[in-house]
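My questions all concern the structure below.
Letters A, B and C mark the chains in the order given here, with residues in each chain numbered from 1 onward.
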Amino acid sequence: MTPLPADVLAAFAPSAARRRRDRAARGVIAGLTVLALIPLVLLVYYLLRKGLGSWSGSFFTTDPTGATFFKNVSIGGIKSAILGTIEMVALASAIAIPIGVGVAVWLVEYGRAGAFANVVRFFVDVLTGVPSIVFGLFIYITLVITGLVGRGLAGYKGSLALALLMLPVVIRSSEVILLLVPNSLREAALALGAPRWKVISRIVIPTALPGMITGVLLAVARASGETAPLLFTVGGANKTTLGLGAQVNALPLQIYNDIISPTTAVINRAWGAALTLVVMILVLNLIARLTSRRSRVA
Amino acid sequence: MSPASLGSPAGAGRPHFQDELHSLEEQTLSGIDLLIDQLDRTLEALRHQDVELATLVIDDDDRIDGRYLEVHQGILSLLARQAPVAGDLRLVAALLHVIKHIERMGDQCVNVCKLIPLCGHEPPTEPHVHEMVLRMGTLARSEVTQAKAAFAGRNVELAEDLVRQDREINAIQRDIFRRAIEIGDEPDVREWAMTMILVARCIERIGDNAVDIGEQTAFVVTGLFREFSDSSHRG
Amino acid sequence: MTADGSSPPRAAAPRGRRRGSGDPAAKTNAAPAASEERPLTKQAHAVRLEKLRAFYGRAEQVKGVDLDFHANQVTAIIGPSGCGKSTLVRCINRMHEEIPDAHAEGRVLLDEVDIYGSEVDVVAVRRAIGMIFQKPNPFPTMSIFDNVAAGLRLSGAGRSDLHEKVESALRGAGLWEEVKDRLAQPGIGLSGGQQQRLCIARSLAVDPEVLLMDEPCSALDPIATLKIEDLIDELKLAVTIVIVTHNMQQAARVADRTAFMLSGELVEVGPTNTIFTNPTDRRTEEYVTGKFG
């Protein structure tokens, strides 16, 4: 292939001013990226530096003792916090996921573009923007200080607050994924003589499943890290309690309490707990990514 | 609901195809013009025993044969590329038949011209037979002209009218046959009479082909194929 | 031409195509055309539409159509875009009403039973009247075997001899030889033409009476298209087939009868041969010769 003559090439070459502008723009974008990365990198660095030191076998297997002032009394680990977080988030998920998926299914398959469905969608959108502390306050006002279910702080009340938090996220993400299932699949199933509920349960949901799992796991990850809703509903504790009927410990609560302590060891424990929480959420995110790679719609 | 109220006006679709079809019809019908020229010269040669003119006609038949091949090839190409249907398909099928009939008519002119040298250079022995043959020729010519007009105008009545003229040609032919038998004993005369019978038969064939063109006209218009002549069975 | 000027007798009209309905003189209402001599695998039902009207909200898309689909024959519906042919076909298996705000009026008779009757179960109707869509849509989460079995499982039909039914359906769709060694592989791994035949097998598995095809070959390459057209020719021995198509040559190739629709109305219906050699209505003539549409 003969090279093009110089004057033809010159006609296609960008002008010097264009090149300058291009370079400037690229520089700006690269700069902004670096700027955004700085706090993230610093965060990870601090977490690792300050938190890794606290990790040990006993860190994960002993409860916090509550002692902070005396040097020769062990401060304990964070076992109850880890277990408490896992239990509460599990209960919250058990509540939020079925209800959330159910609402999403209704919105996509039955409500569609109807007026009532649009109202529901509007409220769901509103709820996604509500600050998490408001959910905590709501549970506080309705369940903690009233005698409806027995006064006082309890683990399951924290779960309820977390469930309220997760619900709009689950609904939105599930709705998006369900909408991505091609209508041709529903039509094919209907045309074969399947009743609508079977179309949903046997065709739509299995097809949307990987995407929905991703959305659900992200909601779970978010709920695990919320502190504010737990403040007024759960209260925190030191000992591991396996039931959720009374006050329970949770990782965010543990961090919240520990970080303001004057004792260095306690502060370090807080960093260790923060690192643990971040690692847990990281693992959940990785699982979410792996399942979404197998997704068949998005 | 007229097609004009829809997106594109009637006849606007497939312009290249319509042009091609129209051009094939033009070629076919102008083939009839070539044939009429041939027929005129044949009758002229017959009238004056003009052997040179007859030779010219025989040579010129190549033009009609060439036209047949052109149209035939054009139709094959059109069928392969354009997949005509309905009225267009009937027209294409009819053109194939019509150009064949034209080619056959051209061959009949050649046959007549080949017979002319056999008539000898003397004036015709039986002027009456001679006249009848020429009259047949004139009728045949008018039949061919009418067939062309009928096809070009898609005129079924005009096409059906061809049968009337053809009957007249057949009648004259039977007459010639009878007269030729009674014509006499001299070998020259008898030879001439036989030749006239053959000539008459060729002209009669031309007339039949013209009627066939009329039948194709009816087919294009009505979609039904019907025999016009009443000799074998009514269509 | 013989010497006395008469011509030998000729046939009354052009003969029918090999697969077509033969000449018009031989047409009867229920029996296959005279030129067909293959025995039926199954005597399927006929479908009749009486004054069928279909609406999207207030807009009337199909305006009072009366049309017969003969048993064990292929009927093609042709017409320009937006003439209502797809809507019409979707009314036959009551898929039209799945669209929000859409409804249909009139009667659709499957062998004298009005499937729009009040006591008729929609699900049962769709088992008897299957549908193949324009874009092949095998279920992505299922293997080839499961896809074909899906029809049986979803419709709650008998689960006995699933393997036999799946194999028979795949054979009926002309796909068995190509996939018999990989039934466990995902259905979406097949080529476009194979996927469409998989969808046909899926519909055949539930043993339908009628198969509706909405432009089944539009998304396929020419070779795959021809394979499916050959398949349709075999399938009609067991089911009644209605095919909507944009491609007139396809209608001419596969259909025994052809119906022409324009702006929601049925303009003309008749043996395919007649429609494409000598249609009665001027609008049909103009459409098939490509003068509009």
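As a working rule, contacts are C-beta pairs under 8 Å (C-beta built on N, C-alpha and C of every residue); 3 or more make two chains touch, one makes a residue touch a chain.
Because the structure is a prediction, the values reported are computed rather than measured.
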Exercise for the section: Average the C-alpha coordinates of each chain, average all protein C-alpha coordinates together, and give the chain whose average is closest to the overall one. Expected result: C
Completion exercise
Looking at Cα centroids only, farthest away from chain C lies chain A
Fill in the blank from the handout: Between chain B and chain C, the Cα-mean centres are separated in Å by 48
Practice task
Round to the nearest whole Å and give the separation of the Cα centres of chain A and chain B.
Solution key: 92
Practice task
Take the average of all CA coordinates in chain A, do the same for chain C, and state the distance between these two points in whole angstrom.
Solution key: 51
Practice task
At least two other chains touched by the same residue of chain B: list those residues.
Solution key: none
Completion exercise
Within their complex, chain C touches chain A through residues 93, 95, 98, 100, 123-127, 130-131, 133, 135, 137-141, 150-151, 153-155, 199, 202-203, 206
Fill in the blank from the handout: Given the complex, residues on chain C that touch chain B span 1, 3-14, 80, 248-249, 252, 262-263, 265, 275-279, 282-286, 288-293
Fill in the blank from the handout: The residues of chain A that touch chain C in their complex are 112-113, 182, 184-185, 187-195, 198-199, 202-203, 206-207, 209, 296
Completion exercise
Interface with chain C, chain B side, in the complex: residues 1, 3, 6-14, 17, 83-90, 170, 201, 204-205, 208, 212, 223-225, 227, 229, 231-233
